[in-house]
Structure formats: structure tokens, C-alpha cells
Amino acid sequence: MDIATIIGLGSAFGLIIASIMLGGSVGMFLDIKSVLIVVVGTFAVLFVFFPLKDALSLGKILMKTLFNKNYEPDEFVEQMVNFGKLVRTEGILALEEAGKDVKDPFFRNGLMLAIDGTETEQIVAQLEGEIDALEDRHKKGADMLAALGMVAPAMGLIGTLIGLVLMLQNMSDPSSIGPAMAVALLTTFYGAILANVVFNPMASKLRARSASESLYNRIILIGIQSISKGDNPRIIESRLNSLLPPAKRVKLFD
Amino acid sequence: MDIATIIGLGSAFGLIIASIMLGGSVGMFLDIKSVLIVVVGTFAVLFVFFPLKDALSLGKILMKTLFNKNYEPDEFVEQMVNFGKLVRTEGILALEEAGKDVKDPFFRNGLMLAIDGTETEQIVAQLEGEIDALEDRHKKGADMLAALGMVAPAMGLIGTLIGLVLMLQNMSDPSSIGPAMAVALLTTFYGAILANVVFNPMASKLRARSASESLYNRIILIGIQSISKGDNPRIIESRLNSLLPPAKRVKLFD
Amino acid sequence: MDIATIIGLGSAFGLIIASIMLGGSVGMFLDIKSVLIVVVGTFAVLFVFFPLKDALSLGKILMKTLFNKNYEPDEFVEQMVNFGKLVRTEGILALEEAGKDVKDPFFRNGLMLAIDGTETEQIVAQLEGEIDALEDRHKKGADMLAALGMVAPAMGLIGTLIGLVLMLQNMSDPSSIGPAMAVALLTTFYGAILANVVFNPMASKLRARSASESLYNRIILIGIQSISKGDNPRIIESRLNSLLPPAKRVKLFD
Amino acid sequence: MDIATIIGLGSAFGLIIASIMLGGSVGMFLDIKSVLIVVVGTFAVLFVFFPLKDALSLGKILMKTLFNKNYEPDEFVEQMVNFGKLVRTEGILALEEAGKDVKDPFFRNGLMLAIDGTETEQIVAQLEGEIDALEDRHKKGADMLAALGMVAPAMGLIGTLIGLVLMLQNMSDPSSIGPAMAVALLTTFYGAILANVVFNPMASKLRARSASESLYNRIILIGIQSISKGDNPRIIESRLNSLLPPAKRVKLFD
Amino acid sequence: MDIATIIGLGSAFGLIIASIMLGGSVGMFLDIKSVLIVVVGTFAVLFVFFPLKDALSLGKILMKTLFNKNYEPDEFVEQMVNFGKLVRTEGILALEEAGKDVKDPFFRNGLMLAIDGTETEQIVAQLEGEIDALEDRHKKGADMLAALGMVAPAMGLIGTLIGLVLMLQNMSDPSSIGPAMAVALLTTFYGAILANVVFNPMASKLRARSASESLYNRIILIGIQSISKGDNPRIIESRLNSLLPPAKRVKLFD
């Protein structure tokens, strides 16, 4: 999983809980009815916002993106240059053996297409289609997180209004006013945490990870294209380097 | 109707009502005057926002879009390829019999034009005009929902201010202050629900459904164009596939 | 006048007044000092926002746009095709007699230029200049309404702060606190109504009417251009139809 | 100075002061500590927002733009056409005498360059550089006013929070609570006025004046270019007219 | 360090502290728990927002940008023209001696590449890569400051809600309500200061400094390119001048 997300969520929730425990008990801040209206209510509204298929896929998108390994754009540059050398010396079929070590499914898939003798143009079209579909899924995921980040404080406000109206209608016992209002504020509290600590930051993280996964896949695509065309390994290196930030560039030839 | 909208609205309202009933009665949250000023008032302001014809068409747009069937972009690809084969073997008039099963009015309309021998260019122009008009209607619908989503909380605030001013002018009976303030808050409560649970999410859903209906119609348009020109069925398949996401692509030929 | 604006403003204000009268009297919500600071103050700030000439022209722009007749883009298509026929059979001067019935000043002005034998290019340049100037005026009007919609709630807040500070400095008589606070809230109430019921919706309406008036004038411009060039009436019809939504298209030839 | 700004600021502040005096005294709304934190504090934060040189130049930019004369884009068209005639009949040096009456520094500067025989291209490059620098200065000025308009309410909130915390820590004397809270609200009051009556509207005014000064200078630039090239005066007129709104166009030839 | 940032932050905090001390003691506004939840909590959420590597680099970016010297775009123009003369008279290797005085690492790096006889195209590619990477780092820094500016008030609100809920649950001792509420407000106070005095203004400052550092480096890049190509010194001067604002242009030749 994304280590920064764990650190960030862990510390933020840790601080909030510590801050509560210094002045009272965590139990004072737990109210199942309030949790239901904010958390479940926010996800319910997600289904009004988005088509069924999209809303149902949110969990999977988050899992796949936030829990996946970090993508290092330069990870495969050296391997691709080597594959390029191999193709030049021993032919494309030599990759069948060498490609067995490739773990990344996108890379392996592209390699298989090249080994099968698929035309370069068609390989590019298919891999580009997959990258587009992936970016589309990530964009939908980020849009859904952003929508949740808008709805959560609204459900918090709605919950607090319910609590306030109930409290104001029953003010005969003055000693109950304080605790009733405290409970009414809990939904606003939950909504603020969900939006500002969880949903909005995660939408931003998802966008950043999507950009780096796309760059990573696009580099693989360019590499497979070069390998499939039988490009000179020096050209492969130079094409891949042009996509990398200066500090990440690889220099395998003198 | 859009099943996700039903699920979402049903669960959200269910949660809100359940949350109310755990602490009091639903009757405490019903106030006809407050409903009037927020709900009717919001729709009244819609007529200041938009021209008469647009404002009056909102209901129809919502019905047509949200209650229609879901559009699956790949629904007709196979049928179109088959129609293409038929035209190549038996001529365009053979579609008259085969086209009888087509239920989709946009598809049937395009097919009729092709059978009537209308020039391909003119068919395309007419179908494109219809798609543009549809997108325009959807855009207006989404804009109106977004406007309602802005006005509803404002009418809620106006209602609450009315309630507060009335309450503050009559504070001789302290026991009436609580209930009066509770009622004053109801318009804010209605406005928050209408905007955040109903109007804003539905504007977003309308945009998503409009995009998928447009894609669906555009695929039909491309298919009709190919059929009318007597394109090779393999080319029809490949042209339609290029519009579909990778997972939806159809492969009818080896 | 724009009928939807009348309906909308009428119903919204009717609902607000009815809502007030169910709980008290309209007099409780009228305070001349509050009206002055919000209404007059908002218009005063408009002069800081915009150059003198623009700010002074707001009233005229609103009158001209909102009280004018509704523009139907297809209104003149048939007449223009007929004028085109006339020019082809009897020459451009025949329009002098036929053009007498034309009431629309923009249409008549263009027609006069054509009859006077002004070069087509120059007619187009002059009419386009007028359309641009009109769009510019409308844009300024909508920008000013949007600025008023931002300033009104701010002046409402400023008025309420004045009321609160005055009230808090004189709390010796507890029974005066409620009414004083009620009055303080009135400016917020006025600001919310002005912005959300009047200014913001009217800015949107002005933009919609500007778009339809521009389309209407642009259709006249295209028609005059065709007539002046002596185009074939069928071509006139087809050029004008291409600017109209499908449902509005005219079919005068078989 | 810009007359509309004087009228607007004068009326708005007059209304606010009148509104205060109807319910109390202006002295109740003056608190030197609150003025310091909001006014001085807002300008202090401007130095965190912008580089030193920009922040220090704000006063000069405002003076130069808001207190300058109004620019009428058509002011010099006739004079330029006459200069063009002069150059055609008596040569460029004849402008030395005729140009003595020109007061506008940008116009005179361009004229001097033309008289000195500077190449047309170089004149255009230099004058365009000056216009760009001017637009850049105006943009920075408007950006700074917009930043002040964001910071002022924030400093108002910070001041009010200071006042509230101080008040809440010393609630032993109930009679002091009201006045203490009144003073706490003053910073919010100042912030709201500064942002909504002064800074935000003036940013908008600065943008409008910058646009009209740019148009004015650009017209001078085009005129100088034509004069320097020895263009036909009719062409000078027609080129300048094409930059003017229809109502401002000049017609010196029949 | 950026002198304007020091002046601005110093005066703003000075005013806030002075304002506090006039009404109470600074100690009343210090609460370690509140500092923790707002300051540490805000930085914790930064890790949910951004990838680990970016979040960890924020300090370094701020140091490098805000504490660096100010970049004057015209600083090196004269020196570059002189280097250009030297290359024309004594050859590129003469720069080895003359370049020893160059302190700026970007300038020296480019000079070294030119002296080493690297091809001009490759020098440009490498220096452009470095400028792009720098702009990217600055953009990330500004984005992170803007995110902190959004999160800080949210953490302030969360802290205040915790304080309010705790206070409302323990209202048995009325005399503790005031101080408890005062402490609850402190997190909102901290959040407002962090966002409006520190984070948002610094994001804007970072963007301005990034723009001027980029311009400065781009001028060096253009100069090195010209020197490496052995351009005429007059051409070097004119190319560099075209990048400078008029007032900064250098005129070394008559």
C-alpha cells in the first residue's frame, strides 16, 4: 500500500484521538446513528451521483491504485535495452525465454504480442487502449472521491440539523441540552474528518499515482514498440530517456 | 429508471428518516410552510434563471433521461455488422424486413433513411443534428439541476431568517423559543437535503447518462453511415470497435 | 417583458410574503435603514466595480433585454427566402416595397443597406459590428448583475454587523435584545433575497436571452448577405436551416 | 481621478456611517487596535504574498491608474489622420512642429521616434514593449488588490477570534460581555468592508481601466506605425476605425 | 532569504501578538494540544495528499526557493556579451579562465559543457531538462503549500468541534464554560493564521519566485547557446534583450 497514505492517515487519526483522550473519552465521540447518517449516507448519495457500475467499482479502483506497488518510471529501461540487444542478435523469439522473468502484467502482455509477431501498429493500438481505459478508471475514481468529499460535510450538516431540531423541540430538561447539542455536532465532526482527512486528500493522491502509473506504462509501450520494430538499442535507450526526468536517465552506452 | 438513482435516493432518505425516528417523530420535521418556501420557491426562482420553455421542459428532460433504459454502447455492434453483410449480399432493400425488429427509435429512423435511398451525407447530417439537439437538451437539464442546487440552500437560508426574525420579535414566552427556532431551522434542513442529496447529484448523473447516450447514438450513426455506403462488414466492425472501450470490443471475424 | 421572469419573481416574492404573513406581519420585515444600506449600498459599490458609463447603463441594458420581445430564431426564414425569390425575379429594388412591412430594426437596417447597393462585404462588416457591440453590452450587463449578486450579501453582512455591534453595546434592557437582533438580521435577509432571487438568476437569464438574440441577428445577417449577393432561394433556405435546431428548420421547397 | 470610484466609495461609506449614526455613534465602531490588525495586518500579509518590489509599487500603480484621466479610444483618430496627411504632403519632419501640441507621453514618444527616422519595425517593437510592460504592471496591481480582498476578511476573522478568546477567558463581569463581543466583531466588520467595498471592486475597476488604456495605446501604436510608413490617410482612418466600437468610428472622408 | 517574506510574516505576527497583549497575555493563546492537532495534523494530512517523496521534499523546496538570493534577470547579460566577444577573438577555450569567476551553478554548468565542446543542441537539451525539473519541483512546492492552506482551517474546525463536544458534555460547572470554549476556539485561530498568513501567501510567493528564477535560467540558457554557437556579440545582446522587460534592457554597443 501507499506508505505515505498510511503514515498520513495514521498520524492524523492518532492526533485526533489523542486530542480527544486528553479532554475526555473516545466514547463521547462515538455515536452509531451519527456514523450511519454520515458514512452510509455519503456513500448512498454516491449512487445518485454516478452510474451503478462506476459507484460499485470505487472500492476496487482504490484498492488497485492505493495498495499497488509504487511505480518507478525508470524500472525497466535497462531491461528493455537488453531485450532490444537480444532481438538484434538472436531475433524476436529469443524474448520468449528472457521475458519469463517479467512480472509486470502490462509489460508481459506487450512482450507476448511482440513475440507472437503482431504488427507493431496493432500492439501500440492495443496497449494505448489499455492505458486509456486505465486513466479513465482512475479519473472516475478521483471524481468519485472528490464527490464524496463534497457530500460528507453536507451529510454532517444534515445530521447536525436533525440533532438541533430534536434538541430544540425538547428543551424542558435544561441539563440535557448540552449533551444533546454535543451529539448533534458529531455528524459535522465526522463530515469534516471524512472530507478533509480522507476523501479530498485521497482524490489528490489517486491523481498523482495515476499520473505516475500512466508514465510508467507509456514508457513500457514505447519500449515494446521499439523492441517490436527491432530498433537499435542505443535508440531505445535514448527514446526512453527522453520520457524520464533528468535525474532518472539511464546511461548504458559510452 | 436509473437503478442507482433509486438505490441512492432510497437509502439516503431512509437513513435520514431513520435518524429522525430514533430521536423523535417525522412529524417534527414536516412543516408545510417551510416545504412551500423551499421547494416551490426554488422552482419559482428557476423561472427567473432560465427562459420559460427551458424551465417548463425540466420535468420531461429528467423523465426521458433518468427513467430511460441504460444505454450499452456495444448493444448494436453485432446487429449492424449483420446488416452490413445483408446489404452486401442482398442489397439495401433487404433491410426493410430485417429492420423491423429494431426497437430503438434513433436506430430505426436512421435505417429508414438508408432504405429510402437518402444520400449518406444527408443521413449523417440529419442524425448529427438530432444528436446535437439531444446533447443540448441534456446540457440545459444539467444546468437547471445545478441552478436548483444553488438556489435550494439559499431559499433554506431565507426561510430560516424569516423564522428567526419572527421568533426574535416574540420572545415574551421563553418556552416557545426552542420550538420556534426548530421550525426556523427546517428550511435550512430542506435546502441542504434538496441540494446535496437530490439536485447536485442528479446533475452529475444526468451528465454521465448524457455522455453514454451520446456515445451510443454516435455508434449507431457511424454504423448507419457504413451500412448506407455499403462498407465491408469487417470495416464496419473495426470502425465501431474503435469507438468502444477495449473490454467492450466485439470480434465477429477471425 | 420576459414572462418567465415575471412568473418567477412574482411567485418567489409571493411565497416569501405569504410565509411572513403566516407568522407575523410584513411590517416586521420592513426597515428603511436596512433597505438603504443593502439596496442603495449595493448599487453604490457597483460604481467602484465598473466605469461610470457602464454602471449608468445597467438599467437600460436590463430594460432592453428583459422587456423586449422574445426572439424566435426561425421567425424570418420564410420571409427571407421570399425576398430572395423577389430579388432573383424583379431585382434588388423590388425589396423597397416589400421591405416596408419589416418591423425588426436590425432586419430593416440590413435590408436598407442592400437596397442602397452597399457592397455585400461592407453590409456584413457593419451588421457584424452591431452584433458584436450588442453582445458586448449584454456581457457587461450580465457581469454587472453577477457583481451585484456578490455585493448584496456582503452589504447584508455589513448591515447585520452594524446592528449586532449596536445591540451588544446596549444590553441593559434585556427585552430589547430580541427585536434589535431581529432588525440586525434584516439586512442579511435582504442581501440573500437580492442575490439569490433577483441578481444571480437575472444574470443567467440575460446570458440566455443574449445568446438567442445573437443567434436571431446572426440568422438575419446571413439572410441579408445571401439576398444581397442574389443567392438562389434554395441556398438561402439551406444556409439559414443549418443555423437552426432541427425542430425549427423550414422546408419551403419539395 | 476616476469619478465613478469617488461616487461609489463616497456613497457606500456615507450609507454605512449614516446607518451607524441612526442607532449609535461612529465612535462605537472605531477601535484603533482593530484597525491596526485588519488594515496594517492585511498589508503586511501582502509582502508574504508578493515580491518586495511588487508590493511596494502597489500605491504607485493605483495612483497612476485610478487617478489618471479617462482614456477615450477615439481621442486621437482625427489628429492622426491629419498627421498622416501632413506626412504625405510635407514629409515626416513637418510633424516636429505639429507634434508639439501632443500632450499624451506615449503618443509624443512614438511621434519622436518617427520624426527621428527610426525604422517602423523598431518603433512598433519599442511601443509594444511599453504596452506589454504597462499591462503587466496593471495585472500585478489587480492581482494584489484581489489578494488584499482575500486577506482582509481573514484578518477580520483572526481579530474577532482574538477578541472572543479574551472575552471568554474573562466572563466574571457579565455586563462586560456585550461590549467585549461588540469590539470583537469590529475586525470582522472592517474586513468585510475592506474586501467588498474597497479591494475587490477596485481590482475589477483596475482591470477595466487597464483594458481601455491598452486599447487607447494600441490605437496610438497603429496610428504611429501608419504615419511612419507614410500610409494613405484614408487607410489610417480605416485601420483605426476597425479597432473602435461602431459608435465611436470616425468618418473624415466622404 | 526573501526579505519581503520576513517583513510580512514579522509584521503580521507582531501585530497579532501586540493585539493579544493589549487585552490579555500570549499564554492565553498557547495550548500545546491545539498546536499539535492543527500544525502536526495539517502536515500529517499532507502525506495523504501527496506521494511520500514529494511530501518529504517540501522543506527543501521552501528553503531553496525562499531563502535563495533574488534573481535579477539582467544580471549576466553584460558578462555573456563579453564571453561572446572572447570566443570570437580567442576561441571557446578562453572561457576556461574567464569562467572561473562565475558563481551561479547553472551558468557555470552550461559554460563547462560549452568549453568541453559539447554540441550546442545537446547543451540546450540538458539545460532545458534542468529548467523543466526545477519548474516541476517549484510547482509541486506551490501545490503542497496550497493544500496545506486548505487543510489547516479544516484541522482548526475539527479541533474546535472536539473542544465544543467536550465542553457540552461537561457543563455542570458554568464557570468553566467560557475558558473551555476559549480553548476550543484556539484551533480555529491557529488554522486561520496558518492558512491566511503563512501557507496561501507563501504558495503565491513561491510561484512568483519560480517564474523569475525560470526567466533567469532561460536567459542563461539562451546566452550559453549563443556563446557555444559563436554568435556575434551584438546578436547575443539583442537576443537576451528580447527576453527582458524594456527597463532592464542592456545597451553595450552604440
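Read from first to last, the chains carry the letters A, B, C, D and E; within each, the first residue is number 1.
The working rule: a residue touches a chain if its C-beta (ideal position, glycine included) is under 8 Å from a C-beta of that chain, and two chains touch if they have at least 3 such contacts.
Computed from a prediction, not measured in an experiment: that's the story for all the values here.
Under the contact definition stated at the top, no chain borders both subunit A and subunit B. Look at the contact of subunit A with subunit E and you find different residues on each copy: under half of the numbers used there are shared. Rotation relating subunit A to subunit D, from a C-alpha superposition: 145°, rounded in steps of 5.
Work out the mean CA point of subunit C and of subunit D, and you get 28 Å between them.
We define each chain's centre as the mean of its Cα atoms; on that basis subunit B and subunit E are separated by 46 Å.
Under the contact definition stated at the top, not a single residue of subunit B touches 2 or more other chains.
Shown here, the protein chains touch around one cycle, each chain meeting exactly two partners. Of all the residues in subunit A, the ones that touch subunit B in their complex are 33, 36-37, 40-41, 44-52, 54-55, 126, 129-130, 133, 136, 147, 150-151, 154-155, 157-159, 161-171. Here subunit C touches subunit B in the complex through residues 2-5, 7-9, 11-12, 15-16, 18-20, 22-24, 28-29, 70, 175, 178-179, 181-182, 185-186, 188-189, 192-193, 195-198, 200-202, 204-205, 208-209, 212, 245-247, going by the rule given at the top.
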